[in-house]
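Chain nomenclature is as follows: A, B and C, assigned in order of appearance, with residue numbering initiated at 1 for each chain independently.
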Amino acid sequence: MAVFLQSLISGILIGGVYALIGIGLTLIFGVMRVVNFAHGDIMMVGMYLTYLLFTLLGVDPFVSVLISFPLMFFFGGFLQKVFINRVLNAVAQNQILLTIGLGLIMSNTVMLIFTSDYKILTTSYSSSTIQVGGGVSISTPLLISFLITAAITAVLGWFLLKTDTGQAIRATAQDREAAQLMGINVSRMSVIAFGLGAALAGTAGALISPTYYIFPQVGGTFTLKAFVITVLGGMGSVVGATLGGILIGVTESMSAVYISSGWKDVVVFVLFLLVLLFKPSGLMGKSRT
Amino acid sequence: MAILEIKSVSKFFGGLAANSDVSFSVEQGTIMGLIGPNGAGKTTLFNCITGYYPPSRGEVIFDGRRMNGLQPDKVCMLGMVRTWQKVRPLAKLSVIDNVMVGALAHTSSLKHARELAMEQLKVVRLEHREDFLAGGLPIGERKKLEVARALATKPKLLLLDEVMGGLNPAESEEIIQLILDIKAQGLTQMVIEHDMKAIMRISDRIVVLTSGEKLTEGTPQEVVSNQDVIDAYLGESHA
Amino acid sequence: MTKTILKAVVGLILLAALLVVPRYVESPYALHMMILLFLSVSQGQSWNILGGYAGQYSVGHAAYFGVGAYTTMMLMHSKQVVPWVGVWVGVAIVIVVALVIGSICFRLRGPYFVLASIAVAEIMRLSAINLTTLTNGAEGILATEIPAFKIGERVITDFLTKVPFYYIGLFLALLTIGITYWVQHSKLGYYFQAIREDQDAAHSLGIHITIYKNIGLVISAVLTSLAGAFYGIYVGFVDPPTVLGLDVSVQIMLICIIGGMGTIWGPVLGSLLLVPLSEALRSNMITEGLVKVGLVSADSRVGLFLKENLAHAHVLLYGILVVLVILFMPEGLMGFLKKLAPRRNREAV
């Protein structure tokens, strides 16, 4: 029972970070209908940014979110303005290829600068845990990152629901043409959405850097996981992505315990294929005809 | 003899009925016109007939065979082929290649398919465009290309979805002549059209749909003089 | 007519030249480059049939490449099955795998198909890592001793030089080009392209979409697995990242996309550009060139940095190329060349 609770809790905690990556991807897809295959690589850039801030300036990884969030926002806005914007009306395949190419450029540029060595970011609390009784313990960095994730998600929810810009973004996601007719600056919303998506991915990178290996190719797996999460939650749905993230986190940690850690990603991908086949609109999505 | 029988066909999306309880039949060698205001369910009915949607209720009988549940490719092989309201040329293929794709339904020889395709291009008078890319043709010629490509599959029933939409009067006149030529060859047609004058000229019978239901059916004369039609449809466009 | 004859003559001269190269070229490095070129052409051409003609952008072709490579290598290494028999076992397995993948992925369209194809390839890669008793896990399989190929008692080749690999590679490249040519000039090619251009329209014209997509996939997968088996035997080593990684899938499709999809010569052109470029980077030729020209000095920080790192940069180059191609010439090099020399009768008014 303790093992079950333990893996459930760590699954939920890591799932929070996954949710952040998934929300970013789903936001970009919702507003632009572009599937961003560079998403994991953007997260990787966030990890290295955190690593740099920590090693050069001694900024704590969790505090560095305050710096990396705006920086990654501008990075995302730049990507949208310079690259993605040119293929908004191209066929989906070309959009996918463009983002794959951008991802390759990011990961290999980082590799040129930092080499492909694994880096570890060791903080005073990296391996500390909190005992909650019954033999169950919680990793301190995971708990902090979960709390930050929850706070960011709440702020994001408020932003999307309550502010004018947030509503404009949601309107654009619902119907681009109609939004344009209503006088919404659609291309500006696209830049903001991509910026937010990148900022969320970068933040997720910062949050996992105390507990994860940092290396240039780390993004690939996360891109795939981000897709699994958004497809599970229904493409374009922020609430769905949050639940999808937690579901994937729990599935992973459960299968690591009850099957083996080597097969945990396989379980996730098989689950993904099953959802694509039997419920392509997502577990939370309404089935469309 | 009826080549196509629509028996109480209904199609629901969620709780909304796009077609409800529509019945009529199309006689061999005639032209059946299908009219109705936007959103009346005309294209949905085409989709139900040609296998793109399974009808929620009712039956589609073509040439004595129940068509429910058959996929569009099978429907085509059995002799029913449709064109698209929004033209769908195979843009990066040449005009002749487009028509050859249709002709290949009944042959595996490219040479034979090319001959068949050329014949159809002559029927629609596009033979001078043979080597042009389909995507680059002006709208009037793309509409003709759709018809040629459909004809190349050697159908027994041709379903034309607003084949005159977006055309100027001269181009429409060409299409009308084309439809009449095709009829003269004995081919049955079902035509969705917004241009009332055109549909009155070409149709032997007309079915009027409103809000997914059949309002009335009859010869063009009967339909124009029907008060319900004038209220529901003609009234709207004259308002 | 004269044009056709001219083409045939040029083709035959080229073929004859390729056939006699090993007689006059002794440098193993030059032969190695040619072999890499042939491998790249066969990979790109295999993907072309499914991606370029039928329009199904698989980003999971590493699955077929890897299964071909692994099966042949595993059989040779642990069961002493000669590779020219083992490769057919690989083909048989790949057909089964392709049909399973096809039945799953072809129900999906656009980005969902791309995602599913990646997921399947990743499942294969992770399985290769985890099924250690079968695949030797992450360590991979090293098998450089290839038994001599005999007909009766006569030894045809003992695989001790690069020459036999040169001819196998050439054969493979010609085979894939030939099959592409045949596809383009048959009903199959017309149907593939119709599906690529507009699936619904194709469906209405009597084309059974699923069957034709699966035919395209099986042809493409079988050819890719042959290329994989050839790669495994030639290099003598396979491990999960080098034959089953996402990078492999991306590289396979890039050859075709950069060269020009849905054309017979696109993958050839793509290979002619990509193989020399990435080899130049890998072997530090570019750094040496920069040093020679005097742009950077060999022992300056920049020089050392380039020497150290540029060798790993060929994937970066792929990334830059794909971005440039998508933004500035989405039809690939072939499309770009065609635009330079427009054929009058192809242009619409």
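Here are a few things to note about the model shown:
We adopt the following convention: a residue touches a chain if its C-beta (ideal position, glycine included) is under 8 Å from a C-beta of that chain, and two chains touch if they have at least 3 such contacts.
The model shown is predicted, which means the values in this text are computed figures rather than measured ones.
A centroid comparison over C-alpha atoms places A as the chain most distant from chain B. Nearest to the common centre of all protein CA atoms is the CA centroid of chain C. Chain A and chain C, compared by their mean Cα positions, are separated by 32 Å. Separating the CA-averaged centres of chain B and chain C is a span of 44 Å. Averaged C-alpha coordinates put the centre of chain A at 48 Å from the centre of chain B. Only residues 55, 57, 59, 104, 107-108, 110-112, 114-116, 118-120, 122-123, 126-127, 129-130, 246, 250, 253, 257, 309, 312-313, 315-316, 318-323, 326-327, 330 of chain C touch chain A when the two sit together in their complex. Chain C meets chain B in the complex at residues 185-187, 190-191, 193-194, 197-198, 200-209, 262, 345-349.
Interface of chain B with chain C (complex): residues 50, 52, 71-73, 76-77, 81-82, 84, 88-94, 97, 100-102, 104-105, 108, 110, 113, 129, 131-133, 136-138, 149-150, 153. Contact residues of chain A toward chain C in the complex are 35, 83, 86-87, 90, 92-94, 96-98, 100-105, 108-109, 111-112, 115-116, 220, 224, 227-228, 231, 260, 262-263, 265-266, 269-270, 272-273, 276-277, 280.
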